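Letters A, B and C name the chains as they come in the text, with residue numbers starting at 1 for each one.
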Amino acid sequence: MSAIEVRCVRVYLTEQDKYQRLLARLHDVEKVRGVTVFRGISGFGRDGHMHSSHLIDTALDLPIVIEFFDVPQRVETIIAHLRELVPPGHIVSWAAQLET
Amino acid sequence: MSAIEVRCVRVYLTEQDKYQRLLARLHDVEKVRGVTVFRGISGFGRDGHMHSSHLIDTALDLPIVIEFFDVPQRVETIIAHLRELVPPGHIVSWAAQLET
Amino acid sequence: MSAIEVRCVRVYLTEQDKYQRLLARLHDVEKVRGVTVFRGISGFGRDGHMHSSHLIDTALDLPIVIEFFDVPQRVETIIAHLRELVPPGHIVSWAAQLET
């Protein structure tokens, strides 16, 4: 049994953010170790750039979370790139352990 | 590039728990920095209060996860409030980094 | 108010992986403290065993994440068991706090 240190990342977007481009970038350019995209059923953000400040609970613009993990050094680089594409306050990351 | 320390929280409920009230409270009262609600496709809990002890895999009472993050001090306060609304064993939190 | 240290685990699979068996094992054998299963709407993996290396975005084999948490000692045992059922690189875990 062995494990490596990784960093988990979650990027909080909505359906209107054309997240497919971000996903394609993570796949084609960053070549990140696995990405999963989730659609929330409801949610809100405090940041007017991404969401309204009201409850968003329509089928028109549901929350999207792009989740991935990779070794810390690669995640640092990827986050630096994502910061050019995603407004402040929408990328969360934390240390985790990956079974290898 | 800058980042702040935050605390991620996940609250594990089911559809029957009237989670909309919790969501409204997080929005209206706690004014938390962003909330996303996810519906699971299956799940079970050990706690008879929230789930049956059997596999729940029907459309009638699917798992609901309410996820949010904020600075640690605010999360501590919010969790203290949530503890009055959510049975023990259903709120998980951990330290993370938010890109700002 | 009290809390205990737990370990959160996320197992990344796809619909074709017959995740129900894993879920049943977590329920029947491991008797883990709560499991939630999520279906992603899109995703990819670097590991040819679980996903193709191309974007998978069809209804035929969507990402599945099995999430659970328990005390660290039990999680260590459960992960050791899961390693026999899940290819390397698909189990992530991290320390968290559970309100009790």
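Just so it is clear, a contact is a pair of C-beta atoms (placed from the backbone, for glycine too) under 8 Å apart; a residue touches a chain by one contact, two chains touch by 3 or more.
Since the structure is predicted, the reported quantities are computational estimates derived from the model, not experimental observations.
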| item | value |
| --- | --- |
| Turning angle required so that chain A lies on chain B, C-alpha fit (0 to 180°, nearest 5) | 120 |
| Same or different contact residues where chain C meets its copy chain B, judged by the half mark | different |
| Distance from the mean Cα position of chain C to that of chain B, given in whole angstrom | 19 |
| Touching two or more other chains - residue numbers and ranges from chain A | 38, 94 |
| Interfacial residue positions of chain A with respect to chain B in the complex | 12, 38, 40-47, 51, 55, 63, 65, 79-80, 83, 88-94 |
| Interface residues, chain C side, partner chain B - complex | 1, 6, 8, 20, 23-24, 27, 31-39, 69, 94-100 |
